[in-house]
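This report refers to the structure that appears directly beneath it.
Which chain is which? They are A, B, C and D, in the order written, and residues in each are numbered from 1.
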Amino acid sequence: MMKRVLLFAAAKESVGQDSITVELPDTATVADLRKQLVSEYPVIRDLVARSFIAVDQQFASNDVLIADAKEIALIPPVSGG
Amino acid sequence: MMKRVLLFAAAKESVGQDSITVELPDTATVADLRKQLVSEYPVIRDLVARSFIAVDQQFASNDVLIADAKEIALIPPVSGG
Amino acid sequence: MVSITHNPIDTAAVLASVKDADCGANVLFVGTTRRMTGKRETTRLEYECYEEMARAKMMSLVDAARDRWPIVKTSIVHRVGVVEIGEASIAVAVSAAHRSASFDAASWLLERLKQEVPVWKREVWADGQEEWIHPQGEAAPVTKDDSDRDSTKATP
Amino acid sequence: MVSITHNPIDTAAVLASVKDADCGANVLFVGTTRRMTGKRETTRLEYECYEEMARAKMMSLVDAARDRWPIVKTSIVHRVGVVEIGEASIAVAVSAAHRSASFDAASWLLERLKQEVPVWKREVWADGQEEWIHPQGEAAPVTKDDSDRDSTKATP
């Protein structure tokens, strides 16, 4: 399956796009997504390690399956306020 | 000596005046002033027991001499804010 | 800025008075006349103060807060006279580089002000009763030596 | 009221939005762009957010605060885009009957917001450098089960 991942802040800047699309098996989890992101975009390796993955606007732990996800985002450490 | 004491809030209301003048020996302390106030104005007896005495706009403990005081006030428990 | 006023408090002006380019954290507290106390309804409050001493006490609280926290600017405005439901009787504003100092100092200033500054409120209840509020309990200690208590002294 | 805006924040309106006759204690926090960080000077900040999620997160923080404290009304407004020195990037207002709830809830909301709400700032320094700020250290835990850590997972 193809999954689009929204990028923000330093991740968006490093990749030069506001989203990227990765191909994953249908059984892929958040952990698999992280590995695929790092493998295809080594420039954000360190940032991915420090980021959360949001699935449908909820922070998702590594074991969550993403097949049904409508919207996935990479959430680097936040600095609002 | 004659000393004028400023009254506020319930003390002013109970006595019906915004100040009272009491006669005291020159060696009088804040404690002596308290006793004299209660003796002359029994209507504020309970309130005096719960009040501070301010001497020249500073809270004064019972042993302070009041001969040099320029301004004395009875400060019932405050409720500002 | 420390002041006592008979007029409505311009809370936006109080906040603006602590603005500083080196402060990222601005806290404004506004105390207003509350309608209900439990099931009892208030019609209005009336505040009175010992003005010179109240102003001096507020200034010394500001100095004390500046000694305790790295705050930059502080304003306290207390209104006296009639304060209707929803109107402000007090505004305290504090600015600092970081928010913990602003929050802690503002909260502490309110706490001390309510114990030490000679301002009193008269509660006018909707049931027709009226009373000066003189809280029982813990009062601010006058000196370190509290030993010679007697019945005519304030209970600390 | 929870909102994200590209325009300057009307802080007086944020305070007014929590006004309530049954609340005596109103706390407004305003976070502004600070000029100095230590000896380093900031020219401006630029904020970006994941808007739908940021709004949802802020609303859930407001709900959580209402569960923890007897607060009545709460507003959070976050500005995005360029925020110049002295301008507000965030305003949080809370009203309650009594001041401890207002202070505690406002302070807690800021704390959580800075850890959980997907908003990021880019610092534009006076020395010409520019950088997205992604704080190191403690991040909000995603789930109760943090056992399967690996190098591609956020360090909690």
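Keep this in mind: a residue touches a chain if its C-beta (ideal position, glycine included) is under 8 Å from a C-beta of that chain, and two chains touch if they have at least 3 such contacts.
Computed from a prediction, not measured in an experiment: that's the story for all the values here.
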Quick one: how many steps at least from chain A to chain C, stepping chain to touching chain? 2
Between chain A and chain D, what distance separates the C-alpha centroids? Give it in angstrom. 23
Approximately how many whole Å separate the CA-defined centres of chain C and chain D? 27
Would you mind pulling out the distance in Å between where the CA atoms of chain A average out and where those of chain B do? 72
Can you list the residues of chain B that touch 2 or more other chains? none
Can you list the chain C residues in contact with two or more other chains? 31, 110
Pairs of chains satisfying the touch condition: A-D, B-C, C-D
Using the touch definition up top, name the residues of chain A that touch chain D in the complex. 6, 8-10, 13, 31, 34-35, 37-38, 47-52, 54, 57, 59-63, 73, 75-81
Listed in rising order, chain D residues that touch chain C in their complex are 11-12, 15, 19, 21-36, 85-86, 97, 99-100, 102-103, 106-107, 110
What part of chain C is in contact with chain B in the complex they form? 31, 47-50, 52-54, 56, 78, 89-90, 110, 113-122, 131-136, 139-140, 142-143, 145, 148, 150-155
